[in-house]
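Before any comments, here is the structure.
In order of appearance the chains are A, B, C and D, and numbering begins at 1 in each one.
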Amino acid sequence: MNAEEKYFNNITNRERAIFEGAITMGALFHQFVGTPVNIDSVESLEKAIEAAMSVQPCVFRVEVVIDRKKLEEISNEFDYVSLTGEMLDVKVTTVCSDKQALIRLKFVSELNYPLMYVEDVD
Amino acid sequence: MNAEEKYFNNITNRERAIFEGAITMGALFHQFVGTPVNIDSVESLEKAIEAAMSVQPCVFRVEVVIDRKKLEEISNEFDYVSLTGEMLDVKVTTVCSDKQALIRLKFVSELNYPLMYVEDVD
Amino acid sequence: MNAEEKYFNNITNRERAIFEGAITMGALFHQFVGTPVNIDSVESLEKAIEAAMSVQPCVFRVEVVIDRKKLEEISNEFDYVSLTGEMLDVKVTTVCSDKQALIRLKFVSELNYPLMYVEDVD
Amino acid sequence: MNAEEKYFNNITNRERAIFEGAITMGALFHQFVGTPVNIDSVESLEKAIEAAMSVQPCVFRVEVVIDRKKLEEISNEFDYVSLTGEMLDVKVTTVCSDKQALIRLKFVSELNYPLMYVEDVD
């Protein structure tokens, strides 16, 4: 067992896949919400968020989509907005040994809330 | 089942306690790292982080300790530093129905890394 | 002249008061936007933001008011929101030698934008 | 005079160039410090920071260099670090009518501090 593993021997691989995906999602939201964004910069921001969050432990893939419609609706003369959770649709796939989890962030209308949940898990 | 619960019926209460604690820990780290802090403002920052992160789903208690020794060692004429993960010792306790989890963030010397892990779980 | 001053000998005291206040305002906005907040945690957050940002160079006073009305209007079952620029009214007072500046952040309806501007300067 | 201009008629164009550059620098620092980064993701992060901060008022160009040497020195098994101010070298060029300012952030060894200052202004 390496130095890291001893901190995780009280949970299953499935639980660690969930754990690491959840950390990454919470981190992503609170790192990048507030970032200035408009239609010209949005793709570069999506790619950078994906690259940044993919370096975290157990993270296999991160897919970020920022809602273009919200960017096109901007109705001020400054031509950009601050990124909000409502604009984000994110999938974080984690792998821990033989187990995989897909954590999702998306705005859920019926909850009026950008919800993070486990969309799929082995 | 309420609107929220249907998003979580694929995981156990124990797993949700872990999930929500992990989100809160990732969020806390990435929201507050970078905040200017010194010996005079440190207690107010600890209390505000605890209060802010306690509003998240399933979070029962948040305890934040920022390393005073690091603040006293500041060796520049500006008399403050930016908060880093290395300065943080955090405990997040979550409750999901009959299950409880304690998520911990602390700097682990042998890993040279501010590690997030599940310290205790039912 | 100390080590710091030589970096600022190309601008006036009035300009440095404006410069440092503007840094602090930009920093404040992007550090704290996204923080979870509700009616119970709002005062502690205001005080911590004031204490944190007051440690920056030349900053004499920071006053933060978060719009309670927006917090009371929350219409989701999670009972908190992420702090946005629209909810903030902030005054940063800077002093540089004999000059003082008051930098303001407030939501300006006619611009539909949380504007930062110099409200008063010697 | 448009709606925005009336908020800035108490300062000169030179002062506004300084003001907007300083906001952008403070914003950049506190938005992105804490972001996970390693040698593979660093270029994408630099480009996204440049694109994001270029949308702010009066900002003409943003150039971001993250210190590769610091990334190569990483000595933990997780193979990434959190971005710190010490790793950043940033130039923000602002234009306000006939005036231009260059705001710089770089780590100054003699101050042991990541200093923001006005490197050049008309």
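To be clear about the criterion, contacts are C-beta pairs under 8 Å (C-beta built on N, C-alpha and C of every residue); 3 or more make two chains touch, one makes a residue touch a chain.
Since this is a predicted model, take the numbers as computed values, not measurements.
Enquirer: Would you mind telling me which chain pair, A-C or A-B, is linked by more contacting C-beta pairs?
Expert: More contacting C-beta pairs are found at A-B.
Enquirer: Given the pairs B-D, B-C or C-D, which one repeats the contacts seen at A-D for over half of the pairs?
Expert: B-C
Enquirer: From the mean C-alpha coordinate of subunit A to that of subunit C, what's the distance rounded to whole Å?
Expert: Once rounded, the distance between the two centres reads 28 Å.
Enquirer: Taking each chain's centre as the mean of its CA atoms, how far is subunit B from subunit C in angstrom?
Expert: Chain centres of subunit B and subunit C, defined by C-alpha means, are spaced 25 Å apart.
Enquirer: Can you compute the centre-to-centre distance for subunit A and subunit B, using the mean CA position of each chain? Integer Å is fine.
Expert: Chain centroid spacing, subunit A to subunit B, equals 18 Å.
Enquirer: Considering subunit C alone, which of its residues make contact with at least two other chains?
Expert: Where subunit C meets two or more other chains at a single residue, that happens at 3-4, 27, 29-31, 34-35, 77-78, 111.
Enquirer: List the residues on subunit B that touch subunit D in their complex, please.
Expert: 29-30, 33-35, 75-78, 82, 84-85, 111-113
Enquirer: Which stretch or stretches of subunit D touch subunit A in the complex?
Expert: Those residues of subunit D that touch subunit A are 2-4, 27, 31-32, 34-38, 40-41, 44-45, 47-49, 51-57, 77-80.
Enquirer: Quick one: in the complex, what on subunit D touches subunit C?
Expert: It comes out as residues 3-4, 7-8, 10-11, 14-15, 18-31, 108, 110-111, 115-118, 120-121.
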